[in-house]
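In order of appearance the chains are A, B and C, and numbering begins at 1 in each one.
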Amino acid sequence: MKTYPKKRIEIIIEAPLSRRMMEQLDRAGVTGYSIIPLIGGKGLSGSWSSEGQIGRASGMVAIICITDAALADALLEQIFHIVHRQMGVVSISDVAVIRPEHF
Amino acid sequence: MKTYPKKRIEIIIEAPLSRRMMEQLDRAGVTGYSIIPLIGGKGLSGSWSSEGQIGRASGMVAIICITDAALADALLEQIFHIVHRQMGVVSISDVAVIRPEHF
Amino acid sequence: MKTYPKKRIEIIIEAPLSRRMMEQLDRAGVTGYSIIPLIGGKGLSGSWSSEGQIGRASGMVAIICITDAALADALLEQIFHIVHRQMGVVSISDVAVIRPEHF
């Protein structure tokens, strides 16, 4: 089946920042994204868990979006602007999709 | 450590469709998959959230499976048949695994 | 925006094993990881669901970490040591990140 190359961006951030991130994705022209809950993890600021917080972190989420390579680069700059003073991990990878008109 | 190339398929669909999708994956010979809950997101049909639905969507899930490249192509056709008139995002990417006999 | 190549490791295991896995990731020098809840799935041991267990499995989780390629290979050996007699799927893929000093 014919597929089309796109970029998948995975953003792990504190839940309270997720609204700001989604608004930024909207403004940048991203057509869709999904929010995955996390139940725990570890980062440079230490470990955290959604049951019985360890350390100062509140919950975190992963936001996933798939976008055109042409848009991805500008998007990374904007995402970085939001996360650079916060906890958070941003990664980008190659994927293929079957409905290119959706992105 | 020796690894083996496989395909990772990520299917984001409305939760009520997930049973039909799993049955299709079973019939196609997929040996395993995982279902991840989503707590919100945005697609061509608008934004949605698992708390206080926005718009008409009910909850959505991500189904992830890892499969042989040989099986992946036929699988994409079958998955597309289920999602093509629905909300949903299907993406495929390259991964490597350490236990090839599991797929 | 400048990005740096890394490896993304996705480990799907039974929830009770997750603590042992996280301790192993810590010892190996992984700087961060995230834990995603799963609500159901299927593996070589059969199907399972977080509501009304099917079969003998308790809940499962996905642990995601991003690491240097140099570390990834040794890590796979250690992860394999934990999962090889258990249910579980380990896959590794290429990603790019924007903050290399975080990994």
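The criterion applied here is as follows: contacts are C-beta pairs under 8 Å (C-beta built on N, C-alpha and C of every residue); 3 or more make two chains touch, one makes a residue touch a chain.
Small disclaimer: the values here were computed from a predicted structure and weren't measured.
**Student:** Is the contact between copies subunit B and subunit C built from the same residues on both sides or from different ones, judged by whether over half of the numbers are shared?
**Tutor:** Mostly different residues form this interface, as fewer than half of the numbers used are common to both chains.
**Student:** After a C-alpha superposition of subunit A on subunit C, what does the rotation angle come to, in degrees rounded to the nearest 5?
**Tutor:** 120
**Student:** With chain centres taken as the means of their Cα atoms, state the distance from subunit B to subunit C in Å.
**Tutor:** 18
**Student:** Would you give the residues of subunit A that are in contact with at least 2 other chains, written as numbers and ranges?
**Tutor:** Correct list: 36-37, 93-94.
**Student:** Going by the contact rule at the top, pick out the subunit C residues touching subunit A in the complex.
**Tutor:** Checking each residue of subunit C against subunit A gives 1, 3, 6, 8, 22, 25-26, 31-37, 61, 64, 66, 93-99, 102.
**Student:** Any idea which subunit A residues touch subunit C in the complex?
**Tutor:** Its residues touching subunit C are 10, 12, 36-44, 60, 62, 73, 76-77, 79-80, 84, 89-94.
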